[in-house]
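We just call them A, B, C and D in the order they show up, numbering each chain from 1.
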Amino acid sequence: MARMTMIEAIRDAMDVMMARDERVVVFGEDVGYFGGVFRCTAGLQQKYGKTRCFDTPISEAGIVGTAIGMASYGLRPCVEIQFADYMYPAYDQIVSEAARLRYRSNGEFTCPLVIRMPTGGGIFGGQTHSQSPEALFTHVAGLKTVVPSNPYDAKGLLISAIEDPDPVIFLEPKRLYNGPFDGHHDRPITPWSKHELGEVPSGHFVLPLGKASVVRTGSAVTVLAYGTMVYVAQAAATETGIDAEIIDLRTLIPLDLETIAASVRKTGRCVVVHEATLTSGFGAELAALVQESCFFHLEAPITRVTGWDTPYPHAQEWDYFPGPARVGRALVETVEA
Amino acid sequence: MARMTMIEAIRDAMDVMMARDERVVVFGEDVGYFGGVFRCTAGLQQKYGKTRCFDTPISEAGIVGTAIGMASYGLRPCVEIQFADYMYPAYDQIVSEAARLRYRSNGEFTCPLVIRMPTGGGIFGGQTHSQSPEALFTHVAGLKTVVPSNPYDAKGLLISAIEDPDPVIFLEPKRLYNGPFDGHHDRPITPWSKHELGEVPSGHFVLPLGKASVVRTGSAVTVLAYGTMVYVAQAAATETGIDAEIIDLRTLIPLDLETIAASVRKTGRCVVVHEATLTSGFGAELAALVQESCFFHLEAPITRVTGWDTPYPHAQEWDYFPGPARVGRALVETVEA
Amino acid sequence: MSSQELRKVMSEPEPLSLHVPEPAVRPGGNPDFSNVKIPRAGAVPRPEIDVDPETIRELAFSIIRVLNRNGEAVGPWAGLLSDEELIEGMRHMMTLRTFDARMLIAQRQGKTSFYMQHLGEEAISCAFRKALSPGDMNFPTYRQAGLLIAGGYSMVDMMCQVYSNSRDPLKGRQLPVMYASKEHGFFTISGNLATQYVQAVGWAMASAISKDTKIAAAWIGDGSTAESDFHAALVFASTYKAPVVLNIVNNQWAISTFQGIARGGSGTFAARGLGFGIPSLRVDGNDYLAVHAAAKWAIERARRNLGPTLIEYVTYRVGAHSTSDDPSAYRPKTESDAWPLGDPIIRLKNHLIVKGVWSEERHKQTEAEILDTVIAAQKEAESYGTLHAGGKPSARDMFDRVYAEMPPHLRRQRQQAGV
Amino acid sequence: MSSQELRKVMSEPEPLSLHVPEPAVRPGGNPDFSNVKIPRAGAVPRPEIDVDPETIRELAFSIIRVLNRNGEAVGPWAGLLSDEELIEGMRHMMTLRTFDARMLIAQRQGKTSFYMQHLGEEAISCAFRKALSPGDMNFPTYRQAGLLIAGGYSMVDMMCQVYSNSRDPLKGRQLPVMYASKEHGFFTISGNLATQYVQAVGWAMASAISKDTKIAAAWIGDGSTAESDFHAALVFASTYKAPVVLNIVNNQWAISTFQGIARGGSGTFAARGLGFGIPSLRVDGNDYLAVHAAAKWAIERARRNLGPTLIEYVTYRVGAHSTSDDPSAYRPKTESDAWPLGDPIIRLKNHLIVKGVWSEERHKQTEAEILDTVIAAQKEAESYGTLHAGGKPSARDMFDRVYAEMPPHLRRQRQQAGV
């Protein structure tokens, strides 16, 4: 076990897989020589050569389109989109192609492909370096969508994603790269080197896709969260003193509905939090599912605490971000409802 | 008043607006000389000339990208994407640009633009001529999303959309072009010429965006539907004999939550139907909103009846399509729950 | 112009106006292809395989042709195929045409929902296929079924796909003609235009990364070159020198829009390659020998790691775009008769007759034989069902293969569907 | 090669390998631009405005230059600007450089989150702006603030945008440097690369549709030409002969990737235009006079309804990509010193001195004046706040202008936010 940042854990997952499996190739904008603008691929080109890890032209459609071709050939590409905000030019290739190759060809062609992208705000990145587009993937049959919240999970889930026979969208909350961030932007963060979840096994290990993790047990209300919001929810629970059970979903599709439903049946209340805009966000699906499966256990409406239905603003970042105060208010209201 | 098909009503709306307002221009693939593969723009080039209505290269990104430039210049483009399934190459321009010009420039530049696209299945079009991607638009702040279900609404809403100062996604359920379709694919449809909603006022008239219509009043359960599903829901209510109140949403964003909530508070039960895949479909948002705003009136879980979480298959079209039998079952279960 | 004159012009500009390209003739007019410049057969030189692309720019503006008016094969691109190979090619094209004719009728009879034919374009996919080696991969559009026919794929399987019946290899999930066969080097066809073009480049890159010897062939229509993925493909192919042949089938029409709408101000589609330093050829697409020779040259370049080649095949879409289309609404009915490059089957037939290895009689006889074979295949296919009658894929199949392993939510849904 | 030989090669192919382009030198190496072919100033001819694009293909492979080593303006592209205009251009470039320097420091002081500078590229946007007429519209990237400086936009407003303060014209919604001003012909900058390129074409088409006389200018970086919207722009511009100037600023780098990654096998970026029949020029981007002359030519073509022109400006990004970047990780520190086209300010300075209308002294004096002006603007801007201190846009502003009229759901959310 070694202490790692989330960046190091992600890099380590690729490193392990590139060493084990010749078919794993890594590419994207600034990914090769330089090692990525967030340094997630630093050193991989040096170690595995220019044909296993390389720079691409600035064309997300080209990155994903060629990766699909490579996957159908038999390689296992793990590509990076520099920011999730820049995945739109590749969206057609993701939705119409990667997600459907297996289905439409009845398995003649498949697409074992991982598309990594940093998501989320909190770094004053403005509207094009802050987005959380997970709901645009969860609506698409054929895709899996993963959002790790710590170095340990990131490594185990990324290895699972690379080994998965189907396309996986791997969303990396960039605000967590260097340490858990609970939304208190005016306080220093603990670096992962000082945090137990920075403890990452060396070598190959996997966390299965589709298993949530209960990061805090409680009986008053269930909080469904993923990525950065896991820490915000924890802060909110601590600060309000509410006995919240917090579930880190880790994988959105496939979703661990069992764990969710078991918790909500126990607590009778549910708050959903995410950073993406409210309307048609993944929180809507969670609320719909929870009321479908736990209706007769629910004692209060399911509340969503999310980014507002506006583009992510620059100066008003902390007004937009669903921080611990807003989440805390929702916890109180839900418990008191 | 004249009886019109939905195609004629849509064409008439563009015709009226092109005659009234020189700034209105219409273009897309096969839209000019030929008049569109569904004939929605037939005759407009002849009437208004090649620079007001014209054919484009096959590039959805180019169609929407140039339309955004034109809108920012001061024109009012109303463009066609041949099938909603082909909007993905334009998705970046829609999400990152059209939806955000006003916001990011604080109103220096705006984007009065309508993007029309046929949606939905039921014509054996397979996975790339059948999609209903509305949820991919409703998640995007800055867009409005409209889905008419009859010729009258289509004309009134399309004129509103063209006059709207912001970008509007106008989804045309292609299975309704020639007559209301209730999901009984083995029965002949009534053509619009024999249907009262085929009655369309001539000249200029508008239906405001954001107002739903209660197409059937009832007290046992509220059904939220739009597009083709409005007729499927009606058939299901008739066939099950359940006293359902059916709301045709007409506009998804902005949503007429008032009308919805008033109805659900009255009936205490709610079924949501759409043709799009279940997970993260717009039905999720509706379910989330309804339970948020009507929780203490709800007597049963909100049920969603939708397309399955698979690509739209060709041969199994009627197994996929959420027809009156499936909707009927949901009505019965919800009323009996 | 002096700067003063310039200023004058600048200060009093004329109003602008929008240029919208139009085909030479519309319905009612007389077909006119006088603007199509057609060089003599044999006139275009055949460069060395490792030629510097910048020195052969003119090839993007000419047309490589082998068969002349007299049915002779002439010039530097001739001489690659034996008589047997030519006769085989003849049979492939005739089979494809017959297959199309039967499926068109079947569609009209309601046995399936939709069909797309190749009429007039048979030489391109049939001849190209013969230049490939086993293991090479095509990324086709819906108008390259000749790759399957010439590759020996089962016609019954093709028809079962068209009928979405119980033996449909794709389990009814796909629109008719959207075949897929890994074994036959035929990538699963997408309904979304152009997406396959850049995937082909990726497949070729993968082959190079893997130190394999296989190459890829990308296919696209004239109209679809306007799509963005065409650009992505050329960028990546050019940068990584991917072993791929980038084929453009210019059949003059994209549904109702003539090729000038996509081509704009460039003289040809082949010219698109010039901006990328990619050797770009233009070939008579109705000349089986020319298509084969150009394909061979490009495939050889790819195989020798010399990088991509772009080829524009000049042809004409004689039939409707699909069974949903009626071309008489946008082009003169007789336009195809006026098409100056003739019919690929008739041209190869004449060549074989001139060579003395074929005759009108043998042609008729072959036609009859092929018809029998196709009808037999059709009968067999129909015994497995057609779209609305007989055997069909199950509703259960609808839930399968969305993922390798069915996730819980799909399991729940399948259960709900009661299948 | 005979068909037999060919077959032999085909049957025993060597393994393929992937080509990944690399810059000539990496950190630790000696900067080397010997591969950059630079023609003499004055050597490239100046074609008539209505020239047939096919006859000037070579211009896409050369470099139009006006200022020679001795600081003289020579050749057919010289002579368009008066001394006053040149001195004004000098001031614009110096102002932009000073503005950048101050804002860089401000960013380091934490007064804003982010900044992007123009070091070495000042001539391009400053000179281009002077060739435009009122009402023309630019669709810029983040590296053309010279369009605003040379267009007389208020520096205080620019700084308020950079600081996201209470007077920020964009209400704090946008990342620093993402300016927008309709009045100053400066379209709202997007964080998403290349989207503006095709929008510019649409704007130009709208002008033509409206029988207006205004033209559009599209801007893009070398790296971003790989994006798909670049293709869409060229397709539409070529088809509709849109009155637009398609500018490519080739500053050799796209963050950490050298221009060979985007350019691939084509000799130049200007060559991309050739595949579309668009006249394509290549210009010394560090030569104020050359930039202005080429811009004038292209703008005049557009204005006279002759259609689009593509211009590649050859320049060098001397600074870091942005304040988030450190170029020493991927290129030699001294590479910018070795850049053979020099510095645009020094080159114009030398020209003015040679002409006898400028001196080292006057230069220093102007530098000081400009610094004073910029500092004064900065003081004023800071009096309205900086990102983390002083006045700022309100949380209420966050909910505004998502739509022209606030829909009910946003009203509810604003209420919930308590603002």
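Brief remarks on what is shown
Following the convention adopted for this analysis, a residue touches a chain if its C-beta (ideal position, glycine included) is under 8 Å from a C-beta of that chain, and two chains touch if they have at least 3 such contacts.
For clarity, every value in this text was computed on a predicted model and none was experimentally measured.
Look at the CA centroids: the one farthest from the centroid of subunit A belongs to C.
The interface with the largest number of contacting C-beta pairs joins chains C-D.
Annotation: 40 Å between the Cα-based centres of subunit C and subunit D.
A separation of 31 Å divides the Cα centre of subunit A from that of subunit B. Computed from the mean C-alpha positions, the centre of subunit B lies at a distance of 35 Å from the centre of subunit C. Counting partner chains per residue, subunit A shows two or more touched chains at residues 51, 56-57, 59, 61-62, 85, 88-89, 92, 96, 103-104, 127-128, 141-142, 253, 279, 309-311.
Residues of subunit C in contact with at least two other chains: 17-18, 20, 171, 173-174, 178, 190-192, 205, 207-209, 226, 228-229, 231-232, 235, 239, 261-262, 264, 402, 409. On subunit C, the positions that touch subunit B within their shared complex are 17-18, 20, 22, 26, 113-114, 164, 168, 171-176, 178, 190-194, 223-224, 226-229, 254-257, 261-262, 264, 324-325, 329-330, 387, 392-395, 397-399, 402, 409-410, 413, 417, 419. Contact residues of subunit A toward subunit C in the complex are 25, 51-52, 56-57, 59, 61-62, 65-70, 72-75, 89, 92-93, 96-97, 101-110, 141-142, 144, 165-166, 210, 253-255, 257-258.
By the touch criterion stated above, subunit D contacts subunit C in their complex at residues 1, 3, 6, 9-10, 13-21, 49, 53-54, 57, 79-80, 133, 205, 207-209, 211-213, 215, 226, 228-232, 235, 237-243, 260-267, 271-278, 296, 300, 303-305, 307.
Taken in their complex, subunit B has these residues touching subunit C: 29-30, 32-34, 37, 50-51, 54-62, 85-86, 88-89, 124-129, 278-279, 308-311, 313-316, 319-320. Contact residues on subunit C toward subunit A in their complex (touch as defined above): 137, 139, 169-171, 173-174, 178, 180-182, 187-188, 190-192, 195, 198-210, 216, 228-229, 231-233, 235-236, 239, 401-404, 407-409.
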